[in-house]
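Below you'll find the structure, written out as structure tokens, and then a few comments.
Chain IDs A, B, C and D follow the sequence of writing; residue 1 opens each chain.
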């Protein structure tokens, strides 16, 4: 079960311009959370903004009993969240939603992020490292300054390659092009230690819809299992309001709506009805 | 008063029970349709047996897929939604949701919507025979569907016709849920009362919209939506006040209730019961907090029975 | 585009000027009647010459004392007011306020209210002869007075009658200000358009009320009041959107505008101009901030003339 | 002219339960403010609460360029204000309104407060002390614990006598009874140094309406000049919205409405149309 908790802010720091990491003391969530799940966060204490904001669980520190969120200041709610200081209490509700399926078999695991999409994937990478699974992380950002937590990911033992839209660092182009390049065994990433495990068996991705759609096509071509984390505006977070409807294939070539907050936000890429 | 409680005040807890058109509720707090699912979704957070009643998500004859997304956008102290009555249809409701709810000891009120008067009548018929339903809430006021919905709600004659059709098919208490998007809510309430309604729910959402200045297009997939939440409370309280003065039916008041104080505002205006809607999204425990807060208010103000407060602000 | 500005973008500032039913405005931003006094009160904070127009406090034939206090109560993201058209009467306005405003180079729009159709006609007559008035805003929608006011506004036939009476007595542009407390704002707008209105203002306040749970009595001295502020913006935008689709008159949009983005939302929905109301209370400089913000938006989005944005969200 | 300014919080401290003093760095207000004027304060940064809150200027420190407000947590706005911490910025608008008329002639000056009504009177007492005028302050509160800034007032050189409703300190009863007792030359306050200047020439008062009404009657009987600071719900603070209407005698035995924010909040007691 998920709970509404007032959690104490342990840290709330801007890590790159417009992006913050907030660390909350919450042994309950630390214990319950699985990668891909989110917290429904109350930003501020008044009726404006009114609703909670869904933010993925970014990292978990079981020893300290702390959970971290990595967030981009996108509007009013996240701007208020950025004002919280150490010692303040934040009302969180969670962990909520269905997370990533941890891989069991062999084969290469790839993690592909676009922008702030790296947030939930880091927690996944923590868990993978704990299972002795080391992934190659493809991080796409607009420009070098927006690269997030590259070192932290390396510290877990994973490899990281970066694509920037403007070519200021790493691969010059989209992260999907970088990934395709990798699959072809070419270019920037075909250096020792990255592409040597052979077949890609599993892809986890979070980012803009167009990126995730393209990756799900690539995964299908490769015969790799792929999971995507979808974003939809949320109300209740518990499946009651039907606002977070996502189009999921219904088996007959058409779609039915599924709720990102309970049946997702992580879905097998092959089940998503992409538009 | 012969005995005193151990804490020195008048004996006993204040009485919270109310009766809404024949539905006996242990307290005046229920849920606003569409904000509490079928109850299941909130069962981990709320002891459903502690609610006065549960009003479930709007049900239609056939399943409905609902509207395109985005379906929800926040506005100042409010929320616009255009869910579009997504629901699995009345048969699925009767087969799947009702048996689950039968496991609780709480009146279940089913919110029904149709495209035609006949639809409403058939829904009433089906649900009356299903068993386990305590009452019907007739939604003649949903702004989020093309046919039916608000059209019925904004025309007193049509509203009365729907009411009569439902009454003709059921012996369950019939609560008619009114639309606030009208010149005179009192005229609609009067006609619906004449047509035999047992109670009234008010208000449904205000018709609104919001435009994204980045894309220069409406935010909601369905362009317009229904405004709910604290923003609309002053309008809702006013309508309960007006209808209470004009019509002698019990009222379920709703629109922006977040705290017990908000609920009491509605009761003072004339509501016999209150429903919590959008606030459930913010705090899943709101309904119970409101029940407890009302009890505390009564206690602190020396009111022994909630019924004494109904309409008390009319002085 | 032959020349480029020094910063590399297309030459020149974006054009902000609009025309509202014959009133030429240097930008689309004006003030909502009753929230900006007679202009004097805000002159220390706002260079009145930088406004598109000034709409002054509602004026009546005879002076009015207004309603009992309290006249104002805050609600979530909104305000309920029941000022009750307190004003010194049209003669005082003409003798005292107009000469002051004549010192500025800004169109002055006078908001008029009456108890009878005849009142409106006489006010139109008086003000047309006074000189220095750029247009009349006919308030058929004030929820805070017993007679007249909203009664005219909620009946399309009456609304049209008032419009015709005013048009018959003035050659000034006539803007009719509509009430949102109606089933169909479009029906009212259509009738008013037929009756010869030159422009429409929408919306006036939503009728609401608030009850003090401590005293168990309505907060406002006058029981009910008009709801304004950000809370009502989704309703206002929706009404502008609907009226824009149905009627070919320029619209002054208002209801909860706080930022330039809010103003652009109204313009995209179909407003030619916008009025800032309650937000003036929070930040006396709001009007100018909105003017500057709109200019910035146009600039950043490569829009050379604001008029291109009017109704653009209808796509 | 009054201005909208973001002022830095220098201190914000609970001084008795539910009552705070906030000190703001604002040389502009320090210079412009006159006793009885108020600031229109934005509590929080969102649209709930929406309106500013009128709070009297409580104290001014010209050297430091600081203005203090003394406020009671009455609801949502003041509760949010209590959360501001040193270094935060508060949006203030002011100084606004018409303040007290500083006395020129001889005779005893009396200052009578009820509850939080002491707030604006302290600034007046600062000014009076600066003019070499020392007043007798009658402070009425419900109970001893709610006595405010007694020592600070003494430090300025004024005398203070207290009335408590429950008799836990000073005079047992209302502050108006205490004041009447004083006028009769009796009881608690007729000790050396308090009632020796002779006739009361001037009374300044702020508190609950019933208290101010009674004082204005007493003042009329005594032939003393009296000023009261009225409270009414405010919108704009600049005279535009007409929400802060106060009933002022119109000369014909009836009243007309005057705006507390510009024609007040301080009015000569004799002009107020009491109900």
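Note that in this section a contact is a pair of C-beta atoms (placed from the backbone, for glycine too) under 8 Å apart; a residue touches a chain by one contact, two chains touch by 3 or more.
Just so it is clear, the model here is predicted, and its values are computed rather than measured.
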item: Chain D and chain B - chains in contact with each; value: A, C
item: Centre distance in Å when chain C and chain D are each reduced to the mean of their C-alpha atoms; value: 37
item: Interchain centroid distance [CA atoms averaged], chain A/chain C, Å; value: 47
item: Multi-partner residues of chain A (at least 2 other chains); value: 47-49
item: Where chain C touches two or more other chains, by residue; value: 76-78, 229-230
item: Chain-level touch network, classified as line, ring, star, complete or other; value: complete
item: Chain D residues touching chain C - in the complex, by the definition given at the top; value: 1-2, 4, 42, 47-52, 93, 232-246, 256-257, 262
item: Residues of chain B that touch chain D when the two form their complex; value: 76-77, 230
item: Contacting residues of chain A [partner chain C, same complex]; value: 47-48
item: Chain C-touching residues of chain B, taken from the complex the two chains share; value: 75-78, 80, 154, 181-184, 206-211, 213, 216-218, 224-225, 227, 229-235, 237-238, 241, 256, 261, 264-265, 268-269, 297, 309, 312-313, 315
item: Of chain C, residues touching chain D in the complex; value: 34-37, 41-42, 44-45, 57, 65-66, 69-74, 76-79, 81, 83, 86, 229-230, 258, 278, 280-285
